[in-house]
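Down below are the structures I want you to see.
Two complexes come next, and they have one chain in common, subunit A, joined by subunit B in the first and subunit C in the second.
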Partner chain A sequence: MAELILDKVSKIFGNNRVISDFNLKVADGEFVVLVGPSGCGKSTILRMIAGLEPLSAGEIYINGELVNDVPPKDRDIAMVFQNYSLYPHMTVFDNMAFSLKMRKINRPQIAERVHRTAETLGLTDLLASPSRALSGGQQQRVALGRAIVRDPQLFLFDEPLSNLDAGLRLDMRAELIRLHKSLAATMIYVTHDQTEAMSMSDRLVVIKDGLIMQIGRPLEIYNKPANLFVAGFIGSPPMNFISCEVIRQGQDIQLCRDDFRLTLKAADFPALGSYADRNRQVIIGLRPEDFIVAGKPDSEVDNLQKIDVVVEYTEPLGSEILATCQLAGLPMTIRLAPDYRVIPGQELALLIKIDAIKLFDPQTGGAL
Partner chain B sequence: MKSSRAKSFGGNEKRLEQLTAWLMAGPAIFGLLVFIGLPFCLAVIFSLTTLKLDSPLPVEFCGFEQFYRVFADQGFRQALVNNTIFAAVIVPLQTTAALALALLLNRPLRGMIIFRTIFFMPVIFPMALIAIVFELIFAPGPNGLLNSFLLFLSNGYWQPLDFLHNPHTALAAIITLSIWQGVGFQMIIMLAGLQAIPAALYEAAAMDGADRWQRFVHITLPQMRNTIIFVALVTTILAFRLFDQVWILTQGGPNRATTTVMFETVRAIFKRQDVARGAAMSVLFFMIVLTVTILQRWLAKEKREID
Partner chain C sequence: MRFSTPGQGLCWKYCSLVASYVVLALLALFYLAPVVFMMASSFKADHRVLSEGSSMLAFFPADGSWQNYLDVWHRVNFDRIMFNSVFITGCIVTGGILINSMAGYALARLQWRGREVVLVLVLALLVIPFEAIAVPLFYQMIIIGWRDSYQVQILPFVSDAFSIYLFYNFFVGMPKELEEAARIDGAGPFRTFFLIIIPNAKPVFASVAILTFLMRWGSYLWPLLVTTGETYRPLPVAMAAFENQVKLWGDIMAFGVMMVAPILLFFLLCQKWFVKGVAATGTGRKF
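Up next, the complex of A and B:
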């Protein structure tokens, strides 16, 4: 159980500033996911928390204690590595018992704890096998067991599921969520997979180039992305962006691009006024589910606006159909109901959910 | 692609491939047969005869007579004892030293390549050169390098020794110089082994609460197991082949204190022209090395990793 604070943490490799002034506070029992594209520095942050990488500047506190100079072995942190890093010359039992042996816990107690953990993870039958004889999924489980058996203050996960195949990944994801619930432990999890990040976390930290782009609850980030990067990175398929001219028309504001016209009430979007006055563009962000096919009235949604698009191609996924359409010369992905009949080349009348629209400044990338 | 073609053309293609393989391997096989196979067979045959180059007597088949004589020979027995002592001291000492050096030289330090080169250099020096250097170090009298150093350390109380010609110190002197000369080779192999250990294992162990020493015991040693076995094996074989140092520095003396199986063998053949006796010795030498090797492999077999 631990509270973790990162205060202005920075990391410089040579001339390369990888992490700049990283601030984060993780509450006791929280599941925080650090997500970002590869090379954004998220693993480096994790390794600094673990103590495997020294800080160039800043401070890390665990339970109020400054740990900058505490070696990894004394931090009481368990880490699950991307390639699992099991001890290949040891059996599953010995792998799980290792940390307990290092702490000079007596043998019967070690055996008891290892067996108990193995049972919760379904590893009992594998305890005697050499760890290098295991499949990827089994190794992953053992790595997890090795972390859990210690009952550490803090769990760190460095992309633990990325080496597993898709089915196994879903299983392990569910298992991790269940584990977090039952252990009520503080967990920090690094991934580049935004679906994983969304589905597992209490809180999400979106990182780009070593800088925090946004911190928040998953739905908060999904619904109110702070900037273009977060908007484009979180959500699959990604958000559609249309950069438009902003024109004032009496009480209304019109967003235009070629023959695409979107009319908004100036009162609902006060920020747009100054863009119209200064003749600046904005970027509209629309998620694939922010459209309704016209003619399929949806009584629960009001404030809709109709546009026409041409379907380019479709991807039927069973549970839904993704249709890529042409709108003002830009490809747009929209989500359709699985039973909807649509063919490439077909014209489609769509209603845009005006309340779902996100607007961004093209220069700063920030949300309006 | 190859195999499917072989099928469609029937056996012809396959036979052609086999022929090519034999042609390619031919020169090497020829060399092995002529320079290793044939001499070994000849040695076995000679060892069962009375062949002596300068003898006027006709060569006769004499069964295992040569082997009995060799075993009865004080010099050969002493050589066996010396070789055993030499191996028993050198294998653990040199293997440990090589591992220690490799650990020291496996740090990411500026100029490490220079240190590695320095420690490896004795391996490429010819033994004759090393022998001369050590002859100076071990020189008798108070002016010998080692003697004067010991005199300095003991504040004048040290009694200068003639290390190479004192029966109590001669073998130790040979052992010292052999370790100095050979350790670099084992060190390089150990270094390669160390570098093959994934860094993540050390990180995982550190996270699991292992300190430096525990990481060495629980990660480095088990991961180095095969390398250490290999090094020990090679060192054992090399130890039984001990010859150059002895030939140059002590000629087996004083009083057979440094004689070795190889030394006795060479002396029997080239000094006394007693080919049959030398052949018997080399056959025995071969048997000894083979036995030690099999024994070591068998002892190290359990848990052996095959990858």
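Up next, the complex of A and C:
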């Protein structure tokens, strides 16, 4: 187990600055997920922690020790790669034993540790199999085993589940959560899959273009996104955005776009006053679950506002129905109960949960 | 628009198949004919080689006598010449795959100043024919005093631009994560190369070994320049000298078979690797 600190870490490739002043502190035993779109620099950060990529600026500390110039083998880390990177010419046993052999651990101890790890991961029957003969899921387990067997201070995962099919991914996700609980190890996990990120992490780090957009607990980020990017990136289906005029009407503030009107109490949204005074626009963010069909039992809750939409198409997913509707000329995705009968072209009266709406500045993208 | 019936399609398929086989068989005959002629003639008396040369009998070993082979064995120090060829070729192949693979790996994978320049130089060397540098190299060897030796036939050929290029090409395509995993596991560059890279690069090693063997086994110009007697002479030069001495076609053909047999055997044994290697390196270059 280890504490990890990244202090003003930057990475420049040629003239391209991919990471800028990246600061992160990971506590002992914490599971932190770095999430962001492809090319945002999250894998580069992981590779710098591993020592596979030199830093252009900044410092990395593992357990208080500056490791900028420490080679990967001496950082006491283990890394699981996206494509597993098992040694194809070796058996499962040899793959798992390789790092221990490199550390000149004696044979009986190697065998004992490999067998113990294999048992934990259900790999005992595969120990003699050549690694190239394994399925994707089995290879991923071996890759995990290869990391665990070393008993490292820090685990690094570089999109380890992205090559697996949906079912296996779910299983492995559960396996990793279990593993983190049982090992109580510090883990840094990189993914572009926000569902994976939300479900596994103690803390999420949302990254865009090498910059941290927000750090926080998954639900905190989901419910209080710091900016438009985080709001749009975290959540599936993504948040709906409506750009609106802000008009003051006595004690109220009205957000308008075409025939869409949303009336808010100015006292509840003090930040909107200056937007109304300066005639500036705001962006409303509404998650698909922030809508309730009028007349349903949920609609009895307080602080709702009614709007009318036309359903364009629906996606029944079994556990829910996703309906895409037109609102003020924009497509909106709303989440409906699985038993709700709705057909394309149907008019729907929806209630918006006023307490759930998020407001963003269109220029800075920041949350209000 | 006209459509062919299923019957017509099938007929066309068979006809094209037969035509392909005929063309391939003719090509095979074309390439095999000299080898069969050489083998058949090696079992014939000298006068029959010449008299039957213009008929189909040229391809049939009428006598079935091993006399020509015994003659060659008695006339030249064949085991010494064979040893020279095996030793020289063996050293070049062994040293070559080691040196060139390491050079290819360093160019493909390691980060060092001047890597791009060296790579361009290696690629530039590919287009320079050996004949162009044979004379200055020969002069250099005379100065060093290496004429009539093994090292003069081995050392200039251990490092080879084409072999480096083949290795480079293969290593560039290998997943980088394999080495990175080894680095994290605690292996240094040499251990990574010998324990991880080489076992996963068998096809290119086989390919380079076979290509180098073929090229060096038949090498003629350089050994002719640098050897004066039988002591260090390899097979091709010895055969040319033998031809000048004896002028007996049956014996010359027997010598030819004795020279070609190991290479044929080697190819037949390594055919699988050869095909794999050529496919793996993505090249069809002939020597």
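Criterion: the second predicted complex is superposed on the first by the 366 of 368 C-alpha atoms of A that agree within 3 Å, B and C clash if a C-alpha of one lies under 4 Å from a C-alpha of the other, contacts with A are read in each partner's own complex, and residues count from 1 in each chain.
As a working rule, a contact is a pair of C-beta atoms (placed from the backbone, for glycine too) under 8 Å apart; a residue touches a chain by one contact, two chains touch by 3 or more.
Note that the coordinates shown come from a computational prediction; the quantities given were computed from them, not determined experimentally.
With both complexes brought onto subunit A, simultaneous placement of subunit B and subunit C is prevented by a clash.
Contacts of A:107 after superposition on the shared chain: neither subunit B nor subunit C is touched. By the touch criterion stated above, A:79 is placed in contact with subunit B and with subunit C alike.
Applying the stated touch rule to the two superposed structures, the overlap between the subunit B and subunit C interfaces on subunit A comprises residues 50-52, 71-73, 77-79, 81, 83, 85-89, 98-99, 102-103, 146, 150.
The residues of subunit C lying in touch with subunit A in their complex are 175, 177-178, 180-187, 191, 196, 199-200. Across the interface of their complex, subunit A is touched by residues 198, 200-201, 203-211, 214, 218-219, 222-223, 225, 303, 305 of subunit B.
Per the touch definition, subunit A reaches subunit C in the complex via residues 50-52, 71-73, 77-79, 81-83, 85-89, 98-99, 102-103, 146, 150.
Within the complex, the subunit A residues that touch subunit B are 50-52, 71-74, 77-79, 81, 83, 85-90, 98-99, 102-103, 146, 150.
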